[in-house]
């Protein structure tokens, strides 16, 4: 039986779960998995339901839900299908290679539509996997020109997310603004830094999940977008800077892969500048 | 405002969340935190709700819920109050000491009512914290006699859980049967693995690179009860069997403390021989 | 400047480091990294030295060392060159794919000479990377015949190690005996624990909160060879047996890759049925 | 048989291990454990040897060693005896309580001589363990006056290290200067922050071991002293700021305890602003 993933975000109020599940019940949808979270500071309600069953019209279900929810509510209904992605890369192969293998074996729930790179180096690798590699050099181009070329290219593809797999160019706020919470980046470090007083309050405000390499949504505030996943590994005084970088790549590869799974299974909701992971 | 924790377990059916939350809604209870899990293999439904608000009578609320649930449903309603525990120990101090400190500062949500030990060694430690220490030696006693003495002692106390903090006596199935899922044990190893005596000698012989510990409910099948929490630490060839045991104690202490928090916050539900952790 | 890795194992005695390093000194070899371990139970001495400099003849250096060491000493001298490996696989791609990528980019210190599989499935993947894939089916063949075919094939290659990257056939003690501590396997579990078929079904039935993987040398005692590396990840009641298996593959991939690095950097020495990792 | 721990630091040169171990050999000292590290960037040599045997005079052994080492070498000879410590605290009990328990059972290799606090709150706890508690309030005192009172108090004790177990006062550079690498602090966060370019080079320069709570030596540059040990734990969006702080305390407690073990077993050497952990 098919299943739907329904994600709801709205102002908190009494009876929300009752009202929502009443609609599920009348539509003969059976809840398989349900996650709910109330941000008590900001009085926001978040719910993710996986339901089995089918409705004739997702849009009608959405309208029914919006009718019982507080004004300004947001409802997303999707099937847990594979997500289409375009991958951005530069010269480093570790994250891209891992994604290409996962793509080949449908090991994770995404399908790579194309790879765009600002260097030619990774073309051979991508072509081994019979995927399209677009080389868009930046030399002699303004950022605006370069990004407009990317935009033209993207227009040819169907995609749900853009994945920056060690893409070493900064995207302009104008570019990013077109893809709200649709660009996922892997950061070579632990975001953020909690120097000074009240670190746990800072950590709370920042919504950290842990430290290590960090996968996050890209917003116009560089490296400051909502954190999706973080992990770490141990190192010692034996590591040279080069060996630290090598070790870091292992963590980056694993963290990006895990973050994509979480997002593509629709487990991630945005709460201000943090994520909620169901 | 006071909050209730309501845990429900029953056969799975369509509309359960709707029917349950309708009752919450009519009782003016607001859901703060909600967890739900359906065991699709066994068609069992599990739900844990933290609700704010108050009802005049918890038993009436329970009856209302049972009325809309499939036959054989189980409903637990509790306030997230501190749990009363009796701790069992033998000679090792590491878990007990940690629990005594947490108790003193109300750092975790339990109150130690008394400590029962089959050796006298830890009496001084317990008395430092102004708690009652019962020394019940086993020498010259049958298991039955010894356990009957424990039973008599326990009858004097009010308690929610019995915590075996490195209690090195095996409890009889008859004894255990009286306290279904109310006895929590810390096991000196991953489970399953290295069952039996001298686990760290076994780990040393095998040359493991990781050691762990497992907190679990005690059932009549020794060390086979539902697992609550597990954790590990890295070790190396440098560790002697004695050093492995020392390292193991650090893990045991941390794992037991965490497991108690999960159980006492009513986050743990039993599903056959497994746990569900909300 | 070139560097040598010298590994020495012998009965423990006073003055060993002095006698060994005196020879290094006279040969104008400078110690860059030095690890030493004495197994005090068995009175065995282990030492691994990375030295910079060069000697006209490694064999002469070895003879000089043996002359000052107790009888029965073992001396290995090697340069930290890339190791040549033959990879064995069956149907699962996760470990093999990862090794192929590392091989392509010389990311780890090995060079794949060929891949041997008892199923044809992974041939396409291997050929993408322009490597030789040998399909040696087992149907209708005795183990002896099959292994003799493997032997014939291996005879054509130059290799230092055989890597079982989810090779699901048991190798006979006779076969294994030819490659003492030269076969590395990845095991789908912690060892010891869940030995046998369908480990993730066992893990699921037991309701574990952690799963792991173990890389070890293959000896004639199945899955009981010296452990090289182990790691774990957290899981929860949400995981189906299938999801546990998927998660397990991620750990297996990472653990095998790390174990190979340790072995190929000559960091691993054998001490009975255990490893010493320098 | 007694054992000595000998730590040597000097400019790197050919033949150092030979020259050092020749002296061990002539003194009939048997090496049980040996660690060596060469900082190739700065051409510094570090060695830690655990030797069994005994010499009539440690100072004579030291002189013999200094004679064969490059000028400016540093030699420390000690027995792995229990270290004497004075603990500083403020109001938080978690680290202090853990240290008091370890002290009581000689679980770690330290003996608490006294506890000094700038608040009276923890006095009862310390006295339970029959240890001296000094309450030195800071109100109405300049830093200088307060620290001079601490100095007067410390003069009465024999101690090897000062342990800041959540001591929430900043010590002046003048005070710290008197105790080079003899003050150990636990920091409530992950030190340091790697925002910006070349994070792995930054990490290398900073000498991190991992991130999480951080135990470090106190130098006059606040929170910037050499890192001894770090660890992490996972958190989620469910954690309030208060719960994050609670979780942080668990990590702090474990990290400080582990760091003390490493330092007190003489496993830690200082290399500029980093540590080498043998």
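Letters are used for the chains, namely A, B, C and D, taken in the order the chains are written, and counting of residues starts over at 1 for each.
Here is the rule we use: a contact is a pair of C-beta atoms (placed from the backbone, for glycine too) under 8 Å apart; a residue touches a chain by one contact, two chains touch by 3 or more.
Computed from a prediction, not measured in an experiment: that's the story for all the values here.
Q: Between B-C and B-D, which chain pair is linked by more C-beta pairs in contact?
A: B-C
Q: Using each chain's Cα centroid, which is most distant from the centroid of subunit D?
A: Checked the centroid distances; the maximum from subunit D is A.
Q: What whole-Å value do you get for the distance between subunit B and subunit D if each is reduced to the mean of its CA atoms?
A: A distance of 36 Å separates the two centres.
Q: Express in whole angstrom the distance between the two chain centres, defined as the mean CA positions of subunit B and subunit C.
A: 41
Q: Of all the residues in subunit B, which ones touch at least 2 other chains?
A: As it turns out, subunit B has residues touching two or more other chains at 33, 37, 238.
Q: Using the definition of touching given at the top, classify the network of chains in this structure as line, ring, star, complete or other.
A: Here the contact pattern is complete, since every chain touches every other one.
Q: Spell out the part of subunit C that touches subunit B in their complex, as residue ranges.
A: Residues of subunit C touching subunit B: 37, 190-194, 205-210, 212, 226-232, 236-238, 271, 273-277.
Q: Given the complex with subunit C, which residues does subunit A contribute to the contact?
A: 33, 93-94, 97-98, 101, 104-105, 107, 125, 128-129, 238, 246, 250, 254, 257
Q: For the complex, which residues does subunit B have touching subunit A?
A: Where subunit B meets subunit A, its residues are 14-19, 21-22, 24-25, 28, 30-38, 40, 234.
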